[in-house]
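So, here come the structures, one by one.
Next come two complexes, and both contain chain A; in the first it sits with chain B, in the second with chain C.
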Partner chain A sequence: MNNWPSGTSTHTALRCTVSPSALSSSLSLVSRAVSPRSTLPVLSNVLLETEAEGLRVTATNLDLTISALVAATVLEEGRVTVPARLLAEYVASLDETTCTMEVDERTQMLRITSGVQKTNLHGIDAVEFPPLPARETAPAFEVDAAALQQAITQTAVAASGDEQTPVLTGVLLHVEGSELTLVATDRHRLAVKKLEAQVLTEGVVSGTVIVPARHLGELARAINPTRPRVGVAFSDARNQVFFTLRDMEISSRLIEGNYPNYTQVIPAHSTTTVVLSKELLLKSAKTAAVLARDASNPVRLRAGKGELELLAQSAEVGDHDAPLPAKVDGEDVQVAFNARYLLDALQAIDGEDAELSLNGPLQPAVVRALGRDDYLCVIMPVRVP
Partner chain B sequence: MGWVRAIIHLDLDAFYASVEQERRPELRGRPVIVGGGGDGRTARSVVSAASYEARRYGVHSAMPLGRAVRLCPTAAVLPVDFPAYRQASTRIFALARALTPLVEPLSLDEAYLDVTATPGDPEEMAIRLRDQILAETGLHASFGIATCKTVAKIASDLRKPRGFVVVRPGDEAEFLRPLPLRTLPGLGPSTAGTLAGLGLRTLGELAGHPAALLERRLGKAAAHSLTRRARGIDTSPVVPPSTTKSISREETYDRDVVDAGMLRERVRHLSADVGRRLRAAGLSARTVSLKIRYADFTSLTRQCPLDGGSDSDAAITSGALALLTATHQPDRPVRLVGVGVHNLENAAQLDLFSAPRAARERHLDATLDALQRRFGPGAVHRGAPAPELRDLDWRHEDLRET
Partner chain C sequence: MTTPIRLLPPQVADAIAAGEVVERPAAAVKELCENALDAGATRVDVDLEAGGLVRIVVADDGAGIPGDQLQLAVARHATSKLETVGDLARVRSLGFRGEALASIAAVSDVRITSRPPGEEGAWLLHSRAGEVLEHRAAARAPGTTVEVCDLFHNTPARLAFLRSERSESSAAVRAVSDLALTHPEVGFTCRSDDRLVLRSPGGSLIDTAAAVFGRDAGELIAVEGPGEIAVSGLISEPRSHRGSRTGLVIVINRRRVHNRALVVAVEEAYAGLLPVGRHPFGVVEVTLDPAMVDVNVHPTKREVRLREEGRVFTAVQHACWSALQEARLSLAGVRLPQLGGGAPDAAGGAEPELELREGPAGRPVELWPHPLREAAVREADGGESASITDREQAETAGHRLADLAPLRPLAQTSEGWLVAESPRGMVLVDPHAAHEKILYAELLAEGDAAIREGRAATSQLLLVDSVVSVGAAGVERLSESFAILAGLGFQLEPFGPGLVRCSAVPAAAAHLDPERLVRDLLDSLPAGGDAPARRRRLAALTACHAAVRLGARLDPREQLRLLERLVVTPGGLTCPHGRPTVIVLDARSLRRAFGRPTV
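Entry: the complex of A and B
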């Protein structure tokens, strides 16, 4: 329908000018919270609302809510919702440096004018948009965004995909004094990362929550140098977490339930310690993984006499054998791990040298960067004949 | 053109009957029918195999035995002796595996061999294999050699018995062109009827027919696959079987069982038996299944995953009992119960949170296995219900409580 009268409508609600490229980059992050298959049509939409500082865009699937503030010149205040994917694709296609958005209050039609182009999108009244979770406390603590991004990448990989045990699909966030610990496990491996937190509230901050790993992934995606700090707050009901960035807020429901006692499965000692070049081991493990074709992808490690040997075999495919130079202390040992878990752990650690602390063929092993205590992976072996 | 892929299809001639003739020289050259249980009753039996001498009288497999005997009254009728056929089959497939590890048996008497990576000429390899089989077992086989499974199988079937047909790379389409539709493996009477309705009689005509026109009648996937195979294009690999696919044990009761406690006890017993055999084979399982047949002969089979795979009695038992609780209707009389494990592999991912308990379970399983080996099954078994292995040791710590 392009028979809208030109000129300012008397029924206009929301009118602003905004840069399409700025709006587009915010929409691409916010749209991640849109439900692809929602029974509620308004959940496929993004909420646009004016604020003093600009235009706020928000999307939610009720579990995850992402909103971003885009710099805009607000000419008239108002709110509307429009299909998120459509708007994102449309705005991304605009070449102009600025566009004007205005809403007809009666029809809830959003008109976007950019250069000579005029486009009308059918909207849904903003009152239909679900009420957003309210952050009722100030941020409890703040962390360096880049450090948090790395911590999420290092731990979320170990979270379970199995919805049968919901707590394991999350990442445990534990804050104690000025230390934030992230933990994830799928029962076969465990990743633990510690980073520094700056406590913002009075008194001692201590506690534990479980955040869906996928939602933390969206937070990690939003982090870049323009968003250097992340504040962490909770709802008064303690069932929502809020991550606040310079121009964004990401809120997630928390996973209810008790997390397994992960500290008791981190081995305090080891019977064999192997130190070797991380790159060399990573490369060899990648090759071995190609041949580890059984369901549990077993790659055998044989440590002893200044060598770590990687062996993989599959009845159908063939075998692979690679001895690597290594510093081996303690008992000679042979143990097998799921190649996937070994690769994930090696890819997550910093530093040039990897340290493997092994405890025989049936007990958990620890993988970490040599001399680093801030991150470790515990991997349970695969029992092989 | 060289052999891009070299596939041999090996098909033994009148296998069961030939094994019988081989071990009873007096039957050689005479019609032999294999079928039935050897009790002289022919009413409900069918022909499992017939020698070529018997086939001349019109006898063929799956024919009622009574009718076969009327057609060929002079035939020697022998009971099916699977152990003997299996033994012969094992010897023949061992000769095939000496040539290549890529041997895919289709039945006791038929297999595909992928000899692409074996040095030498595929035709010479097949001749050598044919001579070895004859020398070691006295049995004849037909061979088809081609660049794919479809063409190799059609080739071995073309000049049976003692056929030996080589289709050289590039000659596939020409070879298939005059053959009737039904020679294509997997093309059944119904599809053949549909194709005949389109005026197609030979594989050449099928190959030349636009796939798009077949799609409407046969569906896209089937139409595409049929036309490709009719041209001699078939990229399906030769897949050696993974050793054991599943282990199961079931028992039928003389009197139907209603008592729930008794049922659970039987499930425990069957689970332990399956567990013992699983460990004896050095395998662990990723799936456990429970089968129940009620007195009215309705049956149900349910399965659940064993996270990460397991070979322990406790894990199998707890899985099977959970299935029993979830599916069994308590008051229905049960006629049969079975427990099985599937998705077997020779490696098992261990669990971080049940490591200490799993070690104890392992020790107990090993002890029970050893006792049973020494004193026989039933000498000793677990008395108490197996502990639930799935429980995590949860720590009660939560921000919302503080």
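Entry: the complex of A and C
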């Protein structure tokens, strides 16, 4: 790194003082949008720009943009981009004493001074930073952040990891009046979550978009009690979604395409209903699924006579056989599931008791918390001998 | 070979398939060498110029041709080897038609110099385009030299059909190599444009095979299958393989033959051990009652018809398969640094390589797995007499691999390899290859069980069907394999023009996008090909896609589970592409590598 040019002739383009810990926590969230290997060097950088209330930190990989406003005392306005990882690592290492950040306009060098510690980072002119998607309108509706965070974890797990069918790598967001529905499926299972939305605009809000599950994961990561509400806005062109949090904005490109008609695959009835302690079932299912990636050994469920039996057959580890007390209504049934899907579903539901609605060995089953209809998970069985 | 040469009675001559014997230089080379072998030669020296087009010289130290019979030797249907039609059924000599020399002489300039061992001097016969130009006394050590110049000079049409000089030359060399392999006791040399291209010492088959297949061929595995249909030979280790089938020499009663079924029989024995599209090489010799062979199918004697081909097929497959099972796992490119001599890394700065040799007791610890048993043998054999059952095979294989059990995971390297410990020493595992082979074996085993029990194979049903657009031709090609795919757990059906609907996938492949998987399956479907081969290929592809990637992190429980499954997987020492799944670093090798005294 070059030495900082000395002398009074130096013109500074950005100067502010900021708390390293505040900057650091924002940077750790924002830099998640930095593409690890980008051909465009400026995309490895974060954009720092002064605003009236502080310092805005933004990163983008063109699909996902995350920005956060960090409380700062702005001494001189300006913008610059600097390597995201370097900056984040350096700031994280600083003591909790206010640091000063200043940029030399000519060299685009960022100098950070913290006590006696000084460092220089090579920047790239902010004009090279790609134009960011601009939110034209105020959020259309708002949801409770903690509820949304849970909804995302409950559904994103069922999204497909394979980019081959892009719509399935996303989570469907459907808003209808004051209800927001999140849906994800990887063709084998389907997760559906409903939560309450507070409409902020005049008139009827209704619409459906598909947001990459990965991007929603970044949103969920940013949610904590200091950010209690999440506003949702769509670009006029309907190709971007914006999530606004107290001090942050996360915007994502939307996935285009037709989402499968999910309502059609949710069975309306069941031939067997099993109610039992979620904890017991979860524990048993975990034992049965020793190797999560090992999909070729499904877990078999046998329901009947006041109990549910879990069987994991694999010649190598021996049989695992665990009858659990259960309330069984309807026909006795034996059905097999991919252990991972069953585990994911059970982990996603709330409440003490789980309710399994089964439809024989070849038809979809529904897993939900007893007495709750805000979340359900449909699982397709494995056909076994 | 002192039987005089006589003209065959016309009806005998007619009984012999008509047609051109010599269609390219390689064919002339083969005929001349065969004559030398029939004459009991112990050495045959071949010299080629321009792939044999300009000049072919074959010299031997055999029985020779008496001067007064030289003219007869180049006459059509003159042979010393056969006299009645009945003899034809019991052919043991390579030549029997009395046609080769005459055919060659008709299209070239031939000089035969020959001296039977008992005679004082040699005689030379010079003919051009079938016409005798000269017949005189000459000098030569006992034996025969046939020099053929200007082959096809008078048949431009034939000349036009020849391929490049290079390919003619390699075909000619291959003809000599084939004979060297079928007659390992005879010493052969072959020069092409003054370059020595083959020198087989004349002795054991191993030495000959080493000369023919070259040093890079690795160690060849001996095949031994005694019996009424005796099978012997040397075949390549699964880790060395070739891009074409030409390296596999099939010999029946000492005659190199081209028999597609037997090539398949050998390849079947390698099922699951070789990469797709790669082929084994070596020589597989079948000895049986000559009455079971009809060699007179093709004028160049290249193809033979076998009575009871199914039995021969099974015998060949069984023998090769057992040989592969017995052979040890020697690992490609794994070489311990030579600590006494120059260290390999001193030379080129290359990474030291590791080599695995023998176990503590001097016995091999690394064993070749056993190929997965396929229905192919049973099918080829009419279903009844398959001599090895799945069960036997699984047990043998399990026992072999069990030498590494219990396999305890120790760590995973940053690149993704697993480091494990076994009673036989430290073991490095390729998790992808291992998982791939486990899934491959499971897919095939489950498919077999499903067929046996008359039920559908285990599969993950789809909640949302996948409709794959593959085009009309794609639908056509896929539908030929629907039944095979169903046996692996796929449920596919035509769904409108150019579309296929997938409503179930193998449970092991549940995490994959069915659309991509179906497309990849279609891409890898070989054009035509027999059903068992197609099935293995589709299973291998599915397993490859479904298996963990090399870089993926596995938690200790997953590692343990993977290793536990591997040690009970038939043929688990190699992946379906033939690469090793494990590398065993036994105590002795490690001690040697570290320069410590071996205990």
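Heads up, the rule we're going with is that the second predicted complex is superposed on the first by the 367 of 385 C-alpha atoms of A that agree within 3 Å, B and C clash if a C-alpha of one lies under 4 Å from a C-alpha of the other, contacts with A are read in each partner's own complex, and residues count from 1 in each chain.
Please note the rule applied: a contact is a pair of C-beta atoms (placed from the backbone, for glycine too) under 8 Å apart; a residue touches a chain by one contact, two chains touch by 3 or more.
Because the structure is a prediction, the values reported are computed rather than measured.
Engineer: Given the alignment on chain A, is it a clash or a fit between chain B and chain C?
Structural biologist: On the superposed model, which is not a single observed complex, chain B and chain C clash.
Engineer: After the superposition on A, what does A:Gly161 contact: first (chain B), second (chain C), both or neither?
Structural biologist: second
Engineer: Could you look at A:Thr226 and tell me whether it touches chain B, chain C, both or neither (first, second, both, neither)?
Structural biologist: In the superposition, A:Thr226 contacts neither chain B nor chain C.
Engineer: Based on the superposed arrangement, let me know which partner A:Asn258 touches: chain B (first), chain C (second), both, or neither?
Structural biologist: Once the two structures are laid over each other on A, A:Asn258 reaches chain B alone.
Engineer: After superposition on the shared chain, which partner residues are touched by A:Ser206: those of chain B (first), chain C (second), both, or neither?
Structural biologist: A:Ser206 contacts chain B only, not chain C.
Engineer: When the two structures are overlaid on chain A, which partner does A:Thr39 contact: first (chain B), second (chain C), both, or neither?
Structural biologist: Neither partner.
Engineer: Between 115-123, 133-141, 367-375 or 385-393, which chain B stretch has C-alpha clashes with chain C?
Structural biologist: The overlap with chain C comes from chain B residues 385-393.
Engineer: For chain A, which residues belong to both interfaces, chain B and chain C?
Structural biologist: Touching chain B in the first complex and chain C in the second, residues 162, 165, 185, 187-190, 260, 265, 294-296, 298, 315-316, 338, 362, 364, 378, 380-385 of chain A appear in both lists.
Engineer: Which stretch or stretches of chain C touch chain A in the complex?
Structural biologist: On the chain C side, the touching residues are 439, 442, 449-450, 453, 455-456, 458-466, 504, 506-516, 546, 548, 554, 557-558, 561-562, 564-565, 568.
Engineer: Which chain A residues qualify as touching chain C in the complex?
Structural biologist: Its residues touching chain C are 160-162, 164-165, 168, 185-190, 260, 262, 265, 290-296, 298, 315-317, 338, 362, 364, 378-385.
Engineer: Touching residues of chain B toward chain A in the complex: what are they?
Structural biologist: Within the complex, chain B contacts chain A at residues 239-240, 242-243, 282, 284, 286, 307-309, 343, 345-353, 355, 359, 392-400, 402.
Engineer: Which stretch or stretches of chain A touch chain B in the complex?
Structural biologist: 162, 165, 185, 187-190, 206-209, 234, 238-239, 258-261, 264-265, 294-296, 298, 315-316, 336, 338, 362-364, 378, 380-385
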